[in-house]
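Next up is a structure, given as structure tokens.
Every chain is named by a letter (A, B, C, D, E and F) in the order it is written, and numbering of its residues begins at 1.
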């Protein structure tokens, strides 16, 4: 947010040719992993994010379990090769913060009270990072939760708006993020438009701030449509044969 | 203990004007924290130490509990800004050793056998360090334990003597500690004068050593008077109103 | 394995005067530690290795226990002063790997199924390292297990062969290891000649590889004789008097 | 369930019941702070420090100054680092050990308030471009946790920065005994934290309110009434309108608190 | 015992029973791989990368390039580092945290295959002898664990190395935006992993076979049909003859797989 | 309660009962050491080393030599570092992992004995003032724990220092194959450790006595009969007179033990 000297607009358009209220291309695919109970793969601009969901299952270690509801854990992680300078593996302060607020956003929609003493685990891997990875991860995570068949009140759709080159814009690209004036990532529950994730840094007047939040909400609604389409496509698919074997064995267990 | 060339006496007096058997000014206040079960704040020269006590309460994790007595833990910690070169947060080897021998000293006086399977936790934070912080912390800790209402056989009073500039002196200041010849921190139970903490480093003949231990014991007795005065003042105070609210809620629990 | 320019043979003999199929001098002594349930000390060339065995005893923490058999843990550790450049204490990736494959080799011979919910711990300390420490440790470990009276199907004998200076040779010395072309450490159960540990790195044609494995197996058999001799000597010894006291106290427990 | 947890469950029911009637346990207004006390220079040996009490909450902040190499992408700017220990003395629920998510969130939100507002004039902290710059290290030391650590920690940090003395730097060495003036500062960002309990939104949550919250929002504003940092927490949600309303209060309260420093 | 463990016990009995009849759960031959898919350059922003699927197993490998100081005993050679995270998404049994023994073994066996075969021309990675050399950092990222990570990870690593672009290095700085050519490579080591279940030895174990194994052996071979790395695992054993037989298969399969890169 | 703990409780009762009659389990006098064996140069490849046995207790100490930068406050002096691993082989109660408080206390007390007595001539370990000095690294490796680690570790450390050979240092490099003489040493500090059980104070506690102790005291003395380091442990106490009495014994025993090195 420190170098407003860099040109972020050319001929009234953004560096990548987008309009101020235009999202980068987004692609979501549900059910991409074998072992996980639910999964989703998302491309958003050059971001590539993979999410796996496990659970609900027994909460271990047990002293973390809650007799009233399932515990939801969220791990946002960047692969070492996802950024230009290799990132040391393991959580850092930034990823810990993102994991915390993302978990809180999902807790609003997942029907945790249906699974006391259980645990639902969400694992997000950022494979290639290109600004907006927290929004991309959270968007993919709610698709993966739905793919796992976990009951939810609503999806969570996430998107950022911000200010760059003096303009309030939707979905900041990498240079807009690095050299822009402000970033406002939010997430909403699309049906009632409640804000479940909200952060801001930079500098915005009240008017700009209102405009940015409004723009980000619009972005979230568009993303919600893409989420629904991905899930629709997934539920139309025939389950792969190996999954069938799994089910059989489960049956034999029950009959024991 | 390596630069005896530095002048530590001027006109027969120590650098800060003290006599050889004189303590720095000491101030103790009990009951300074809201959340802790007991607490004490101590200023000793430029040392500033805050101590909180929690317990007796259930010992967690349970495998650490003792069926015969309470477990007492002691954490001596220096705030990062307490010393000139910022100290990295977290325990180091020095603080681990101090914590161990301080806990052992307190175990002699706290009636641990009255609270089997319980835990008593003592947390000492050195906010500003100026030589003698282990003695300052232990002195404040026994006041905080008394403030918490934990039954004790006696207080523990702690003080160092040592040798600097060729003289055996009481309560070494920072330069006396850095450039002096020996340091002998001790702690006693004032009523029977038993020595419960004892360390020494430097170089002392038997005669000097005897003189230093004797001087340190005298210092501990003076400190004991200050400890008692602080506790007397504390018990005369009216409890703050918020504590009262706490109690009410506890009552309503009981009536359930 | 990178500097084949260095001379590793002189006048048809190896640097230390050995023939291609000759082991360095090996000495094993069982029962060298007081506290451990079994122990062995081994010298192999300039390698010095000490092994202690504890167990079978209750598996702690309990969630690691197996209702069908004992859990065997193996810790291969190099003392900081065992190598030229002081090694930082604690496990590194190399020692973790060696510990894993050594445990797997011993699991083949120890009658773990006789001790459900128990734990057998093997601790190997490399005190002086001189090439071949994983084989030396594993060889000593199976002697220490026998010394502890733990029932086994067979001993495990371990030895490396490899290629250096263009020749396939037995039991690589330090320079042969550093500047040779390949290293093949193996371990066998001597009675049926099954291979329970096997690694290789470097470059070997099939013919060379066959020759190396065959040579290493021969080495293992020789080592097996030394293991047996050490155990025979141990069982002929009179138990030291302190052990007797231990037993008495155990008896008094039983009579309670 | 421990007796501690049962106690908090009962308290939480009580706080929620009060909130439905629009009242707070200590009868404060929804936009009222508890009593605030600021003691600047509490640790005179440190370059900068301040102790802030908000009600029974106590946060001590120390500022250390060092010299290090700049970040590769800003070779002529000083460096800010903000660390936080939820010292176990401050609450029965804090534990020794490396910082956990709440401590990390706290440190990062305080850091963003300072960094994004350009509170510190980082350009003036350059000693030799690309080689040596001043490093400002803020350590948040939580002494007594009775609610609203965010506002107390930010206030204490700003107060500590505003009394920070720069050590001298000569011949490649920091001379801690001598001072070369004040830390160059530009702005005083002020954080205001609100919690939502049921449909009631209230400023400066005390401990009982924090333990009962549905959602939490922190807004940091600067002298020019603009927003420089914000953070939502908790598993509840806010409407757009609610956020805009807290914005207005944060700007007003920011003006009052700024005068205290 | 958890229901998960009971499930695997039942499956293991089944796999063992099949093995006695000489058949595999998916009817593969003992020396047959599952379907292999290689996607080179999967992470275009990284210097090198490849995604490899063997059946349902998915391993993503990224190669990063940096500049550092050489090892004291090889002052004119580049440095290779291979790290592995068994990312918890890949299996219910993987956990967050520092690498555990299986991840360390995997990374070290992959590393040895590359290092001992002289796959990378380390001498060409020297910039200034004794001072600056290129560091090749391979990160194994396991995405979906359905058996035989060793072969998938090695294959992905070699595929990633073979599309690695060297960044430019000028005036002591790495310029990531510009490329100075391809990573200098000499060989394509290929790993083949076999498991032994009862008396049956089979290539490319699927998950159920790996969970039922008595012993495991991995052999890495190069273009000239020689062995460059090997590793036995599991608490079972092999006879000398069995090892020699797997050697022959590994050489043959190596030739086939090498063509895929 | 485990059978191990019950065993020690029974033993402790027995030791206390003996102590009341003024006798020790092995009939030693109160100021008598168990048999002491010192094997200097036990690890010939290391610059310095010694194995010390006191009764069944075995401690191996290795000394490593390196070159590093001096501490800012003593630019012309060598550096001493003392580490300790309570290697898990030495006792069923020792565990793998980072050093715990007893290991840290042991290392620090041994370190203080050496450091405070000026045993090492640190001024002679300066290579280039402010830039390069010798670092003496002492590693305490506890092999068999049968009581009184303090005295065994200190004795082994002094014995190891007294056979330490300095490697050569040329052109900024340590040449480990060549020796430039002996480590410059000035004094032989000797530690004597006593335990108090009931009212009886005894030198050189064996394991059973250590497990039964009320309090422990260690005194390190030098050739000139002066005290250079001391440490009290345990949750019991000593009177001033008791400490002065142990001082006299420590000086006498120190003279005897010093001859062994």
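Here is the rule we use: a residue touches a chain if its C-beta (ideal position, glycine included) is under 8 Å from a C-beta of that chain, and two chains touch if they have at least 3 such contacts.
All values derive from a computational prediction rather than experimental measurement.
**Q** Expressed in steps between touching chains, what is the minimal separation of subunit B and subunit C?
**A** Graph distance in the chain contact network comes out at 2.
**Q** Return the chains common to the contact lists of subunit D and subunit E.
**A** A
**Q** Where centres are the averaged C-alpha coordinates, which chain has the largest centre distance to subunit E?
**A** Farthest from subunit E by mean C-alpha position: B.
**Q** Take the average of all CA coordinates in subunit A, do the same for subunit F, and state the distance between these two points in whole angstrom.
**A** 57
**Q** Between subunit A and subunit B, what distance separates the C-alpha centroids? Give it in angstrom.
**A** Roughly 50 Å, centre to centre.
**Q** Just give me the whole-number Å value for how far the CA centre of subunit A lies from that of subunit D.
**A** Going by mean C-alpha positions, subunit A sits 28 Å from subunit D.
**Q** CA centre of subunit B versus CA centre of subunit D: separation in Å?
**A** Distance between chain centres, rounded to whole Å: 30 Å.
**Q** Should the ring be read from subunit A with subunit D in second place, what is the ordered list of chains?
**A** If we begin at subunit A and move toward subunit D, the chains come in the order A, D, B, F, C, E.
**Q** Under the definition above, what is the set of subunit C residues touching subunit E in their complex?
**A** Of all residues in subunit C, those touching subunit E are 1-2, 67, 93-94, 96-97, 99-101, 104-105, 107-108, 184, 189, 193-206, 209-210, 213-214, 217.
**Q** Mind pulling up the subunit B residues that touch subunit D in the complex?
**A** Touch residues, subunit B against subunit D: 33-36, 39, 46, 48, 50-52, 54, 57-58, 75, 77, 79-82, 84, 86, 89-91, 121, 123, 125, 127-128, 130, 242, 245, 249-250, 252-253, 256.
**Q** Which stretch or stretches of subunit F touch subunit B in the complex?
**A** 1, 74, 77, 101-102, 104-105, 107-108, 112, 115-117, 217, 222, 225-240, 243-244, 247-248, 251
**Q** Per the contact definition, I'd like the list of subunit D residues that touch subunit B in the complex.
**A** Within the complex, subunit D contacts subunit B at residues 2-3, 6-7, 10-11, 14, 25, 42-46, 49, 56, 58, 60, 62-64, 66, 83, 85, 87-92, 96, 98, 137, 139, 141, 143-146, 176.
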